[in-house]
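One structure below.
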Amino acid sequence: MPIRFAILGAGRIGQVHARAVANNNDAVLAAVFDPVAEAASAISAQYGAAMRSVEEIAAADDIDAVVLCTPTDLHAEQIELFSRAGKAVFCEKPIDLDSARVRACLEVVEETDATLMVGFNRRFDPHFMGVKAAIDDGRIGAPEMGIITSRDPGAPPADYIKRSGGIFKDMMIHDFDMAVFLMGGMPERVMATGSVLTDPSIETLGDYDSASAILSWADGGQVSISNSRRAVYGYDQRVEVHGSAGMAAAENEHPVGIQVATAQGYTRPPLHDFFMTRYVAAYANEINAFIAALGGATGGIPVGRDGLNALLIAEAALESARTSKAVDIAI
Amino acid sequence: MPIRFAILGAGRIGQVHARAVANNNDAVLAAVFDPVAEAASAISAQYGAAMRSVEEIAAADDIDAVVLCTPTDLHAEQIELFSRAGKAVFCEKPIDLDSARVRACLEVVEETDATLMVGFNRRFDPHFMGVKAAIDDGRIGAPEMGIITSRDPGAPPADYIKRSGGIFKDMMIHDFDMAVFLMGGMPERVMATGSVLTDPSIETLGDYDSASAILSWADGGQVSISNSRRAVYGYDQRVEVHGSAGMAAAENEHPVGIQVATAQGYTRPPLHDFFMTRYVAAYANEINAFIAALGGATGGIPVGRDGLNALLIAEAALESARTSKAVDIAI
Amino acid sequence: MPIRFAILGAGRIGQVHARAVANNNDAVLAAVFDPVAEAASAISAQYGAAMRSVEEIAAADDIDAVVLCTPTDLHAEQIELFSRAGKAVFCEKPIDLDSARVRACLEVVEETDATLMVGFNRRFDPHFMGVKAAIDDGRIGAPEMGIITSRDPGAPPADYIKRSGGIFKDMMIHDFDMAVFLMGGMPERVMATGSVLTDPSIETLGDYDSASAILSWADGGQVSISNSRRAVYGYDQRVEVHGSAGMAAAENEHPVGIQVATAQGYTRPPLHDFFMTRYVAAYANEINAFIAALGGATGGIPVGRDGLNALLIAEAALESARTSKAVDIAI
Amino acid sequence: MPIRFAILGAGRIGQVHARAVANNNDAVLAAVFDPVAEAASAISAQYGAAMRSVEEIAAADDIDAVVLCTPTDLHAEQIELFSRAGKAVFCEKPIDLDSARVRACLEVVEETDATLMVGFNRRFDPHFMGVKAAIDDGRIGAPEMGIITSRDPGAPPADYIKRSGGIFKDMMIHDFDMAVFLMGGMPERVMATGSVLTDPSIETLGDYDSASAILSWADGGQVSISNSRRAVYGYDQRVEVHGSAGMAAAENEHPVGIQVATAQGYTRPPLHDFFMTRYVAAYANEINAFIAALGGATGGIPVGRDGLNALLIAEAALESARTSKAVDIAI
């Protein structure tokens, strides 16, 4: 019996997840909701999913799982709603911008014994998975140090930044999760700094567009993270982990793998334009992993606690950037 | 109005094309045929296509285009059948192993004014397209020399080889088409050699598993091609073109873009295992290009004459390998 | 008239500099000193340089310049001696492990109007020079953020560590200088952390073997540095600088540029074993730059103030690692 | 006792070899000859070598070995002269442009039991040596197929081409030797083609500027070679060898290993400008190998027969290009 899905939110990422559900032989895309009727009806037409309200989906007997692609400020509430309704929940990160709210939400998840997966898509990128596998296979020994680089092609609009929680909770949070994922546990402390280099209006909003951080683990582990809202050569996404016996690194993915050599030298085309093209495989893989987990697979998916963990690091990093002191990370 | 498709042949490549048609907003997968009912019914179930016979498809008013994934020895006959029935035809290469038969078939296509696209999928690979675009954009000047490398992970079974037409018509034909595509015209002469290095049974079958060729153009252009049925590190697919002002080269695509560095050095994972994983994007792109062409797009697709051209080069190459002389290519 | 040189210290690095002086058409290696007579006589025999005492060299009319490859604790004193004697001085870094002592020494240099070059060899590496040139040529816009990675193949012996000043003054000091060199000015603040991951005996010595730092500039610039005393795959030396219009990065130099592909994947040989093989060109270039500067060239060489600057950053970094606070860098 | 050398020919390559001899602890550069006195005196001044005539060098008791950097048409005669005089001879390739003359010369070498090394410098390039070592270590199994690419930055002047013997004897001869070196034996047959693409005046001289060849071995081995007198991106020098168990390839050496990424993509600087900068290490290594061989080392050096072998392949390739037939290679 295929698992029956509803998608909430039929925007750009909702469409990506809808396709992944529809292409998976073990799932059926049964329902879709979006406050914008045209958006919902496009997915409905393409995949034969019924258009329903949030309440109808929660109440439906024929829906096993929901995918939340709704605005962040609805996430916690909807996770609670669907957990109580007995649905498995896949939620785009973050659960909430406030860790106290996340903790409250995760209590409901625990009480209701719901399955909650948080959309840390990068864990499902083939290249980062390759790094993780190299570590797990013992090829580099115990992971000890790391360097993570994330650079967005350009800064988002002011409206987005206002609601984003700032660079640490919106952007570097992915790197914090990646660090935890690859190092195999939570850091105890963070030092961070931020500045505004690309657009003065970001300073007006109280945010940074450029940030660096050092995470420290109790066993001596260290991870350096460098973030920028600007990378004119494309979406720059790299990780490297150093262990006692070697190093594993994921290179940037080049969408067009050519070189053109002229008198000026060798040129390769720019990187992907952003996450929607860079993480095509990761988005499909994460939905497939969710479906597999619901079917009993034990491969491991990022759960609510992972969402909370990354947020706790982000909160500490923000405090460090503001106080110029190393900050212990809450647990 | 979406274009209505039928797929003939529901094997591995038929499934790939079925998915591409189904995912294209301008097309509908309306019918499927396969002599093995289970194969046809799987595609039928997944995409809601009707199961029909070849004759029903040819006679159907509601089918605009067919995709032929049938055995090679049926291609010419089916192209004629569907051309006469007023359907547009996408046919997997080759049209036939004998150039005389291909010529006869193309006469029917011409008489019936049918659209025929031949499945030279590599023309739609993003990397090879990148090389072609660099040439067309004038970045390397006029193309003058080329080096093309194709190495299969392993030799096919004897049964396949027997029906394949041999390494020049089955394998190097892709490189011949690529050479014509990138150099922008037909070569006039070919020198080739072949030997058996991987499996003595291939010699028994009168074929080679290793072959090299040099194509020469009337204007002095030269392309070297190296083929092997064995590459333990994966499916090796590279082209480079040198022009008066530079060079454009497509690198191998690495499915997992990581490096692991240990005391033994830096290691990257092997290449794709074969064409089904290597050319995922190319297969989707070629069907999309066919659909776009039917809709009036002018982007250019490989047509019947391209299929004939590559076969004529292959026939000359085989003769050259057997006679140890340069052989003029028929037109 | 060639410039006449004396080398003080005929050990490993002394031999490297002796060869560079001897190979330069504008210089003559006239004298050599080493307390170990065999060491001095080897250089003497090979290049026809006279064996002399420190005092004789200082007093000699026929010596224009000295190269100090003596132990660190003699550097400041010898710089003062030769500055007062009217010789130009090339001194291996550091001038001294204590910034107060360096300041006193540089006062003598200034008073005597001597030329003092400090051996920050990496500024003369062709790859790092290429990054610097890309910045100076405006190819990446104003430099804003950087990532610098230095990983030694293995930890030095305890005796070395004891006299080294610790990882920040001994190892990361090169990266601090590189950061100043590439960013074009002094940072105002540093956050750093250190731990012991490779050898517990390093902890006993009060040092770290693994360290991370973030440098901050007044204009918002940020540079992340990651250091380790262990890299089993060879001597890992990379820099990248991000500017408003792009990025410039120096890759690791591979002494043997081959790839071997097998069923296990693609393998490249390890990196250089350490600085003596990695920085062959840099060592020759820096002596040539010194000779050129003495001849009136204006290409720019690292002077005493550069040595002091890097040391001041190192002192601040050490304090930051010990106090877990960002530390302002003295000027 | 160091081996005492004379250099004949103090031009560009003579200076390179003079430096290598002078830097080798087991050798002394004792004498130099050049018809242009200034050229000889420059080397004489720099290394303290005596200026002598050819006859004086041949007659000298204190000269053990000579390095011939004289014009090609003097090589055979001088090899004979110095062989008879009991000197070891290092001779720049080729021995002669005519294989009959080479055979006669080698008879004298054999009769006099002289040591003759031919300057196939590429055998001593670290990267090509790495490929050879990978083969010899069995990492790729038995070598079976190869692809060799040599592209010069630009065509030489007409005067040079007239005396060069043409592209096969002057340029591709290096690749023929490399093919023999890596495949481990002589091919039995060659197919080749040539054309003029860069400069019509080369056609007037009866030569080609672009050539492709396929070498075939009796055991089925095949090597493809592509040559051009034009590569605007620098001196392009690559080899790859495929064996039963894998592939070994030498990449181009990038003198400046940086990448600059902008909105236009990632750019690396061009390659070396030509052989004098590309093969710095190879030139030093080959002289060191000659000196080591004279001292009894058994590492293997290219001898007279290797020079003849490459020439025999070149003669067959030229005939093939002219006759459009595969040509058997003389032995």
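Going by the order they are written in, the chains are A, B, C and D; count residues from 1 in each one.
The rule is short, and it goes like this: contacts are C-beta pairs under 8 Å (C-beta built on N, C-alpha and C of every residue); 3 or more make two chains touch, one makes a residue touch a chain.
Quick caveat, the model's predicted, so the values are computed rather than measured.
K.L.:
Both chain A and chain B are touched by which chains?
P.N.:
Per touch definition, common to chain A and chain B: C, D.
K.L.:
Need the most distant chain from chain C, centre defined as the mean of C-alpha atoms.
P.N.:
Comparing chain centres, B lies farthest from chain C.
K.L.:
Can you check how far apart chain B and chain D are, centre to centre, with Cα atoms defining each centre and the answer in Å?
P.N.:
41
K.L.:
Taking each chain's centre as the mean position of its Cα atoms, how many Å separate chain B from chain C?
P.N.:
Centre separation, chain B to chain C: 56 Å.
K.L.:
Show the residues in chain B shared as contacts by 2 or more other chains, in ascending order.
P.N.:
In chain B, 232-233, 245-247, 261-263, 269 touch at least two other chains.
K.L.:
Would you mind writing out the residues of chain A in touch with chain D in their complex?
P.N.:
232-234, 261-270
K.L.:
Spell out the residues on chain B that touch chain D in their complex, using ranges where they run on.
P.N.:
It is residues 144-145, 147, 149, 151, 189, 191-193, 195-198, 210-214, 216, 220-226, 228, 230-233, 236, 242, 244-247, 324-326 of chain B that touch chain D.
K.L.:
Could you list, by residue number, the parts of chain D that touch chain C in their complex?
P.N.:
Those residues of chain D that touch chain C are 25, 46, 126-127, 129-131, 134, 139-140, 245-253, 255-263, 269.
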